[in-house]
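One structure follows; several queries about it will come next.
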Amino acid sequence: MSAEIFGSWIVVFLTLCIFSYLFDDNPFYKAAEHIFIGVSAGYWAVIAFWQQIQPNLFGRLWPKLEDVGEGSVLQSAWYSIYKVLNFISTGFGILDRSIFPEGGIKGYDEIRLMYLIPFILGTFMLLRLVPKVGWLARWAIAYIVGMTAGLRFYSFLNSDILIQIKASTIDFSSDWGTIINGLIVFIGTMTGLIYFFFSKEHKGSFGTLSKIGIYFLMIKFGASFGFAVMGRISLLIGRINQLKDYSTAEFNYATPIISIFIIICLAIWSFMDGGNKNESTA
Amino acid sequence: MKKNFKIISLSILILIQLIIYQYLIRVESSILGWEITNLYFVIIITFSLTLKALLKTISKQYPKHILGVYFIIAFIVIVLIYRTIGIYVTSIFIEGTTFKFSVVALVSMTLYYYIQKAKSGEKIYLRPIAGLKAIEEAVGRATEMGKSVLFVPGISDLDQVETVSGLILLGHVAETTAKYEAGLNVPVSKSIVMEAARETCRESYLRAGRPDLYYDDMVHYITDDQFAYAAGVNGIMVREKPAACFYLGKFYAESLLLAETGNSIGAIQIAGTGSPSQIPFFVTACDYTLIGEEFFTASAYLSKKPELLGSIKGQDIVKGLVMAAMIFTLILNGFFQAGWVGFDIVTLFEN
Amino acid sequence: METLKNIFIKLGSMDRRIIFLLVGLSVLFPLLKPDWFTLPIRPKQHSQIVFDEINKLEAGSKVLLSFEYGPSTKPEIHPMTIALLRHMFVKDIKVYAVALWPDGNFMSMIAFDEVAVEYNKKIGIDYVNLGYKPGGEAVIKGIASDIRTLYTVDLNGTSLDEIPMMQNMNNVEDFDFVFSLSAGTPGSKEWVQYATDPKGIAMSTGCTSIQVTDIVPYVENGQIRGILAGMPGAAEYEELVKTELTSRGLVIKSGEATSMMSAQSMAHVVIVLLIIFGNISYYLTRNNKRKGRK
Amino acid sequence: MFLKRHVPLFIVVIIGLLTLFGNFIDNDEVKNFVDNDATQWFDIIASFAIFLGSLNMLKLQILKIIRKHKNWQYSILAVLGFAVAIFAGFFYRGANYIVVSNVNEINLLPIAELLTDELHLENQNTVISNISDAKDGYEIPKIFMTQSGAEAFMEKLDKFDVNMEIKSKKWGIHLQAKGSLFSWIFFNIFTPLSSTMFALLAFFVASASYRAFRIRNFEATLLLVSGIILMLGRVPIGELIPWWVVAILIVFGVGAISAPWIKDKKIFFGLVVGGIVLFLSVGFSMGWNQSPPQILLIPVIQDWIFDYPTTAGSRALMIGIALGIVATSFRIIVGIERSFLGE
């Protein structure tokens, strides 16, 4: 079971490297940071390809059809492109088939030629590497920003304005406590909105209303901060719990050994270059 | 407040007449022997008289806004006709979304209307926002100390409006750094944001007349992952010690990581985001924070272009409409619960 | 009195690292010595509502469990998942799992491996794991309109038609309840906007505590039924499930969240004390400055 | 000029209007596009663009190594990390598993025993039932990262003369298989780093609240008071705070608010002390020790603050933000805002 122990030592080492940042910027943190940047960039590139491009784009353009049969001429021409792509992707036949499995990608049951558009827009993005034709990427950016504006316009208007108006109604038949609380929420919302008025001077009665509004906002910020403290502490507890689990004999006392090692190195380093504390980089 | 007393009393009068009209239809078939139908004429006449009086008082006291009031009333009349007669157009519309469609149309028309008004030269007052004046001052401080300026456009991709707003603000900040010849460093977490940010910065440096200062790697990609990005930006901050840090875009949990590190290196920090859960962290840890809507209007503030300032005015008017709608819904829902009004306005908002 | 004053003033501008040390110790000690710091857990209203909603479902009803959290938010949300799965498996509720985050998959696998074996539930009959589908809102909209266009196979590749419990399950309306375990976006807000509100399906959520203030407006107007707020929410739900299970004569391992709550309390007390000291010293320095000026 | 400037603007306006009015127009083509395809296209374009980003990051790190900038040694780690992740994703699946077929009745039980204790599965009878009803070969639920690891395990099963065959998970599924090299990287490198960075927040939250929660002005005091009450209320310790402590704090609060209006210091202190004495005496006489009124318990106050003023603040903020987004989206769709196209 040495793989298990090896794994746990790496976990403890990386965790303590990041915690060493609390003391100060030091070689351990720099190492952990750069490993993290490299691994996560690669991780997301792999996830993007294997869970987006291959299943959703190629899967829709060249699905594995049951009744392949002789199909129309157009269809066999279309699937010959698929074979060419596979030929290229397996390094002219050397590597084993990975990206384009035999006869199409399982998942969708009909060809969707509309998905050629994102395929083209995606290649336009990659054309950014060629300076002369780089401006084509603007078409892809234009599509994305247009889509964002259209989708978010309606979804925020609907869920964050209309439904909030509906929610501000008060059930007058219930007991006095709920009615008063309902009124407090109503007044708080109205004064909060008044604070967000830009084209009117916040003077006189308008100014006091907006002041009450900012008070409600401050209570909300304090409350969500208090809430966040709780959430963050529980994450720290989760980490320290794992370190505690890995400090037992079963993992060759991983946590104590590594933490002592790091503390000693930090002491030496801060003692050695105590002089040039503020080394600015080139 | 005396001026508005007449307007408020007239609009309450209109409200009461609407309720009486509603009550008459639902409950009585005849009153004091008068057939209901000829009562309609009496109500319509009194209704139009009060409406005319209201419009006259508004045009006398608020001449500038009379156009806006006519326009909103015209809109309401169109929607009423459209709902009552049900013009053929309804067939291409999904049943039940006519109200939502009319709200979208009303908001768009109000915004467009006030943009046109601003374009035609009307002066618009905008209250000062603390964070925006500080941008110039922060970049100036960075130039004096010979340090660079760090701009973080959030960790979301261009599928969030906050990122687009952040990039527009990046344009203004880039213009200031070009003018002051300060170093600008823009680490990004998404490749599409990298490309769009490079377009914006190249444009700003061109507009400031210093295209020579612009180089592509000023905007550089770190990683797609939220916390690896935060670790990378922390590293940049602690090693390069920028004098000014901007956090403008959509942020999640890593906002405090950046803000606390920025505070520990003593930089001026200006933050702005539309994510409600992160604003408390920015308010506590940064020098200036653009809260929610202030962040979205900041780009229009800085651009000084009339149509953008007009759209802020339009935004305020729509906010006024939303507040009026809330009050109206509250009252009408109260009446509905008390049984005085037959129509429950809340069903209007169901999707 | 003078020395006391400038001790307090010095307390006002402590170096960051001392604060980090204090917080670190305040969490470490309760974890090393849990029995010194046991505190009562009183389930609050929001957690009670969630418990009653699940308790109301009879045996055989279908619940869609959506995993939207990753390893970094596991300490807060995973105890909820375990307690919830135990509660549902005891009531023989059919659990359908989907993941909207890539690492949500791993979280669901760990949870099912641990709990399914405890109540020897079989994959395909009592629970099914449909795995991760990228696309965030598009996935929720897909599940709301037609699940079969989105998912053709489950996590380990068996096609849906072979899975007995997936028969005539076409969209979100075929589920009796939706539970979103969310740590960000896509999360509970998107489930309300695109699936449960438009289709009128009962839904509740367990989420990280930072998100609670954004989700509360939906809980207030009934779009979401109750909410498990962060680790305290998890501990409260564990408490409720424990009382329920012991009343049915079943033994239950003590929940993770409960044991961590004492460390949570200690850390909170230390932070509140730090804030109070900070303010006392701020008040004293302001007076000195004012006295100095006068 | 036309292609560079007008066509992108044209695309923004068309797609913006299409996705906006897609929610109202009643034909399936548009509805399907807005609901599913629009965001799916975005994800595909984003996945293409990720390679641009990774290339840029690699270029900068390698330049740093070549030019030996400060801390260049760490860039090697970044480039190595990236290479390992890409290798695990594209070139080496490392997700082999063994399929055992045509197991006869006699050695069904010993095989099940061996599997349960070797892979410490929970109970044996599920293993037996899985083997018996697995028509085309039973997949042993263990993923071996290396070929040799799989062969070593097979030797243990040789004595049962069942034919075994090493297979590996299909490409794409190997990312999710819980034993493959990729998932090893995820669990042992990616997860500890990201959850520890997240856990750093606990320290930063403490230092930020220590520094920022100061009674500079009335608003900052509100921030402080609601923060502390929330922190104490949500945690079991909050219940242990007795009612009279809360009563004294309330009197202090009232005193602090009314301080500017009462000029004379002596009257002010008199009032505050008098208030406390009055509050406590009323309390003890009314027997609040046994059943303190709800209003004086921290968790109840916290619930009230959390349910009403916070909801009001959140709702105002939400509506403000939604309006900001609506106005910005409108400006984008109408084409007033186009700096992201670099015109």
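Think of it as A, B, C and D in the order they're written, each chain with its own count starting at 1.
Note that in this section contacts are C-beta pairs under 8 Å (C-beta built on N, C-alpha and C of every residue); 3 or more make two chains touch, one makes a residue touch a chain.
Not measured: the values here are computed from a predicted model.
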*If you walk from chain to touching chain, how few steps can bring you from subunit B to subunit D?*
1
*Roughly how many whole angstrom separate the Cα centroids of subunit A and subunit B?*
26
*Between subunit D and subunit C, distance of the C-alpha-averaged centres to the nearest whole Å*: 11
*Distance from subunit C to subunit A - Cα centre to Cα centre, in angstrom*: 19
*Would you kindly tell me how far, in whole Å, the mean C-alpha position of subunit D lies from that of subunit A?*
8
*Note the residues in subunit C that touch 2 or more other chains, in rising order.*
16, 20, 23, 27, 72-75, 132, 134-135, 209-210, 213-214, 217, 220, 229-230, 232, 264, 267-268, 271
*Can you tell me which residues of subunit B touch two or more of the remaining chains?*
100, 104, 107, 157-159, 161, 164, 191-192, 195-196, 199, 222-225, 227-228, 231, 239, 253, 276-277, 279, 281, 283-284, 291-293, 297, 312, 315, 319, 322, 351
*Out of subunit D, which residues touch more than one other chain, so two or more?*
20, 23, 39-40, 42-43, 45-46, 49-54, 57, 70-71, 170, 186-187, 190-191, 193-195, 197-198, 200-207, 209, 211, 213, 223-224, 227-228, 231, 234-235, 306-307, 310-311, 314-315, 317-321, 323, 325-326, 328-330, 332, 340-342
*Chain adjacency by touch: line, ring, star, complete or other shape?*
complete
*Using the touch rule from the top, collect the residues of subunit B that touch subunit A in their complex.*
1, 100, 103-104, 107, 124-127, 129, 157-161, 164, 191-192, 195-196, 199, 222-225, 227-228, 231-232, 234-235, 238-241, 276-277, 279-281, 283-284, 291-294, 297, 312-313, 315-316, 319, 322-323, 325-327, 329-330, 333-334, 337-338, 346, 349-351
_Complex interface listing, subunit A residues touching subunit C_ = 22-23, 47, 51-52, 56, 106-108, 155, 158-159, 163-164, 166-167, 220, 223-224, 227-241, 244
*Spell out the part of subunit B that touches subunit C in their complex, as residue ranges.*
227, 252-253, 264, 276-277, 351
*Would you mind writing out the residues of subunit C in touch with subunit D in their complex?*
14, 16, 19-20, 22-24, 27, 39-42, 44-45, 70-75, 103, 105-106, 109, 117-118, 120, 122, 131-132, 134-138, 141-142, 145, 155-157, 209, 213-214, 216-217, 220, 229-230, 232, 261-262, 264-265, 267-272, 274-275, 278-279, 282-283
*Contact set on subunit D toward subunit C in their complex*: 35-36, 39-40, 43, 121-123, 126, 170, 173, 176, 178, 183, 186-187, 190-191, 194-195, 197-198, 202-203, 205-207, 209-211, 213-215, 224, 227-228, 231-232, 234-237, 239-240, 299, 303, 306-307, 310-311, 314-315, 318
